[in-house]
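Structures given as structure tokens follow.
Okay, so chain A shows up in both of these, paired with chain B first and chain C after.
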Partner chain A sequence: MERNVLAYVLVYLFLAVVFAFFVGPLLWLFLSAFDPNASPVFEIPSHFTLDNFKKLLVPVGNVIPLQWILNSLIISLSAATIATLVSVISAYVFARYTFKGQGAMLTTFVILRLVPPIVIALPIMMLYNWWGLINTYLGAILVIAALITPFALLIAESFFRSLPVEYEEAAMVDGCSRLGAFMRVTLHLAIPGITTIWLLSFVTAWSQFVIPLMILKNPALMPASVGLSYFFGEYGRVDYGRLSAFSLLFSLPVIIIFLSIQKYLRKGIAGLVSR
Partner chain B sequence: MAQGKNEGIFQAHEDLSSGGMIDKLASFFEGRGAFLFLVPALVLIGIFVIFPVVWDVYISMTNASLVGPSAKHYIFIGTQNYFRLFQDFLFLNSLKVSFAFTVLSALIGQAILGLALALVMRMEGIKGKILVATVVFIAWVIPEVVAGYAWSAVTDKQGLVSAILSFFGVKTEYSLYFTHPFEVIVVANIWRGTAFSMILFTAALEGIPKYIYEAAEVDGATPWQRFKYVVFPLISQAILVDFILITIWTFGVFTLPYMILGPGGGIGNAGQLWTLYIYFKAINNFDIALAAAASNVMFVIVLALILAYLWSMKYFRRW
Partner chain C sequence: MGSVELKNVTKIFPPKTVAINNVNLKVHDGEFFILLGPSGCGKTTTLRIIAGLEKPTKGRVYIDNEDVTDLPPRKRDIAMVFQTWALYPHMKVYDNIAFPLKLRKVAKDEIDRRVKEVAKMLQIETLLDRYPRQLSGGQQQRVALARALVRKPKVWLLDEPLSNLDAILRVQMRAELKRLQKELKITAIYVTHDQVEAMSMGDRVAVLNAGRVLQVGAPNEVYNKPNTLFVASFIGSPPMNFMRVALKNEGGNYALVAEGVSIPLPTELGKIIEEKASDVNDLILGVRPEHLELSTAEDSNIRGEVYVIEPLGSETILNIKVGDNIIKARLLKETTLSIGSKVFLKVSTNSIHVFDPSTERALF
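What follows is the complex of A and B.
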């Protein structure tokens, strides 16, 4: 019994230390966003204020920080939608047909999904100079969509495989063409899965950094991630309150989306071990 | 299987192709037509991912530069850049730093902390464990730039970590990211990435039936023996998968150290990972060709790791 008590004390001690370690930086971020005199010092603000958030409308250089959030929205919404569309239709083909080179293509997607973005950031920057896509939303949207596609495609493929083929067959027996069966039956059944894929694509696009850093040099076009580093690095004196407020605003959609698809994410990660 | 009609690269699954009620469009779709569905994805990936990787190989064999006359008109110079690369002290340094960073922050830090947390999550009657798991999870999902910003603030000379250190009597005159760049990014990356290992191991532990564990307990095994002889062998596959994946990811980390240390990687380049090296060479030194050579070398290393992952998955599936 005594051993048990000791074990529990140790477990709680461990949890307390881990909790402090993980919550520390997050709590500082939160508190400093509402602190009128924010600094790296970890402290409860003398009073809580929303001024730091209001200051997101005050220009840095000649761009207001809120513009960066807007840019992130434009880029991520478009990239996630393109990636979801192209991966869902091709994942259907991967899941329902067998053809030459199928296995090799899927393996290539697994490889591409794991390659660090820095590897393509550099050649993309050079190619974009050549193609005239540097400093354009379109350039950023296309490369980010392309980066997310292998990942979205693999999830979509396993999702379609898990959908029973019988519903499609039934629709076809009732006179639906295969295309019709796909559009009317399979896509409908797949809506929850497709939504999850879109959300995952969106958060992945939202957090992209190194590629936009290299191809969007114009502050007016920067997404929030690059804007934050620009904001942080360019000026001698760091305005911590404003940066933290900006960071909170920038993190909020991701936190909400991830907490709402947590269960799916756990299943996906569990699937990495036993397939 | 219905032969004849479906010949070509596509063959529909037997159960789908046996019906005879297909109109013209559908029969087009049954056969090669379905291939059209693959085109957008393949074109997108081909132009914006595969082609750049190939292009990078070409650039690494030229004298291309970011500015100056050789920015527009570069010439082919063969493998010279690769010789230059392996003679560059900074590159060899960045390999060493990346290797140490991966071992310490991922294989030791994230994996052990993640496993410990997963074991605690499995215990019954522990209050507050969900709260801890949620905070660990949030640290993993917030944008990496934000994580980097927060860590540069808490390791500032006035920041939280310095305050805690001085509470324990360790005086810090300068910011920690200035005096201990490597240690700071290692700790920050443990903070950032532990959630993945925790979730993976939690899932693996849930797969172990309770009765196996209880049987060992009845037989009088101590907690350590139970872990060593019962739990560990059953989650060894998860451990291998975890090791390979976090190695690949940690090896490619760029944003977090970039935000905390900048592309130079801090004093004496002590925290200059190969990812920062590539950026530093290309953007700060304008030496694009050398940076391209470096990213190709690293691509090959990452590829080898990924193939190891794929192989291990196959190996375990045979069991």
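What follows is the complex of A and C.
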């Protein structure tokens, strides 16, 4: 009995520490975003203000900070969508057909996934110089999509394998072609999984730093992750209020997207786990 | 028109599961054909090969005398009930049933009429706007059946379509299904491991075991003339009794004998057995419980003592100890016998079966 109580106390203590570790910084971020005199010290603001957010409309250099958030949205939405499309289609082929070298190809994808992005940065820069993709959205979108795809493919492949093949077979007997069966049946059943994959891709793309830093030199095209560094002004002077407001906006899209597709996500993860 | 033919079809699942082994079958147009066999004998695999969901490792498949081995399912004009039903989880019952018609661009009101008609026949008309997950197993199974019956293809492939229904509903649905099939004259290939279902529904029955077709014939044929020990033991309930016997020949008078058994045989029969058996001193005698009747001591050809009595209302199953064997006799009357009492039985030589234990084949 006593040991039980002790165990509970320990577990809760542990959870509290973990919670503080994760929530502490976020709380500080939230408070300082609305604090007129934000400083690195953790304190409750004397009053709340939206001034920090208004400052995001004032250009830094010659770019309005909000533009960076917009850039992030453009790049991440496109990259996640491309990665999802490519990975879902190829994962379906991997899961439903057997062909020579299948295992080897999947292993290659895993290895691709394990290589740190910085390693392939140089060859990519050289190629892009050639193709004129430096300083374009398209350039950043393509590299980021390519980085995410192997991971997305692995998840998608295991998801399709966990979907019973019989629904598709029934559809083919009922009169569908293979493509028809995929479109009318499998795709519907895969919505939770595809949503999960898209979300994971989006989050990964959203927090990309190294690749956009190299490819997008023009401040007007930078995503928020890179733009953020512009707030650490010269001589180490930092406007903590503005930085926090920006960071808060930077985190918002991910949270909103997560909450809006949470329903599908939970099913998707359950699907992945039940395998 | 919808005949189906399998020629030398073998299916091997890698690495080396032989699911069906050199199967030859010819199902006639408009026939109600049964595939009967124990679990794992290859019934579902056979259906899936006919449907085009599985490619045979060897052999060819013909529908309507056309080689369809390389055609995808949708080009074979078949409808199928899956053993696992495979109802589309994201569609309501109505849309599940209507799906094959929609794909064929049937007019909306025609779809509606046919869906409701088949739903009524299968007693699921009140479930049409539910999702499959909101149905019981038996209900889901009837929806799966409805999805196949709503079309009029060349062939219906039905994989144990009634296995999940309660006894009363099952008997009703058997009759409905058979009536519909005869009315529309659509070839049906029906998988079951229930021999009663096979006997009561089939025009012809193929008995499968371990991936091979052992016997094909009308229900009374496989019942009366089983060609192997397996078919003999699989068909009939309670199953056929088997006893080790020897063939004795005393100056042209043949008889099958064992402890408690002495069955005189007509001379021709004795000769056939003598000629075909690999060892006349080691034979297996098969007698169905329903072919044993009580008799007087002098008329009897099997005798033993009562071991257990199972009264079943309309009939009584007697378990009788004959030599080292316990055999069952099915009596249509109540019995006054009691456990341990001597009992005399008689079987007509027309209803005995004799098998060669080394080949497991019937000798006549």
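As a working rule, the second predicted complex is superposed on the first by the 226 of 275 C-alpha atoms of A that agree within 3 Å, B and C clash if a C-alpha of one lies under 4 Å from a C-alpha of the other, contacts with A are read in each partner's own complex, and residues count from 1 in each chain.
Criterion: a residue touches a chain if its C-beta (ideal position, glycine included) is under 8 Å from a C-beta of that chain, and two chains touch if they have at least 3 such contacts.
Since we're looking at a predicted model, the values are computed, not measured.
Using the contact criterion defined above for the overlaid structures, shared-chain residue A:Trp28 touches chain B, although it does not reach chain C. Of the two partner chains, chain C is the only one touched by A:Pro164; chain B is not.
Look at A:Val5: by the touch rule set out above, it reaches neither chain B nor chain C. In the superposed model, A:Ser177 makes contact with both chain B and chain C. By the touch criterion defined above, A:Ile44 reaches neither chain B nor chain C.
In the overlay built on the shared chain, the residue A:Val185 is in contact with chain C alone; chain B does not reach it. Counting contacts as defined above, chain A residues 169, 172-173, 175, 177-178, 180 meet chain B in one complex and chain C in the other. Per the touch definition, chain A reaches chain B in the complex via residues 7-8, 11-12, 14-15, 18-19, 21-26, 28-29, 32, 39-42, 82, 85-87, 89-90, 92-93, 96-100, 107, 110-112, 114-120, 122-127, 142-143, 145-147, 149-150, 153, 165, 168-169, 172-173, 175, 177-180, 203, 206-207, 209-210, 214, 224-225, 228-229, 232-233, 240, 243, 247, 250-251, 254-255, 258-259, 262, 265-266, 269-270, 272-275. For chain C in complex with chain A, the touching residues are 51-53, 72-74, 78-80, 82, 84, 86-90, 99-100, 103-104, 147.
Chain B makes touch with chain A in their complex at residues 9-13, 15-16, 19, 21-23, 25-26, 29-30, 34-35, 37-38, 40-42, 44-45, 47-53, 55-56, 59, 64, 113, 116-117, 120, 123, 126, 128-129, 131-132, 134-139, 141-154, 156-161, 163, 191, 196, 199-200, 202-204, 206-207, 223, 237-238, 241, 245, 248-249, 251-255, 258-259, 262, 275, 278-279, 282-283, 288, 291-292, 295, 298-299, 302-303, 306, 309-310, 313, 317.
Contact residues on chain A toward chain C in their complex (touch as defined above): 164, 166-167, 169-178, 180, 185, 188-189.
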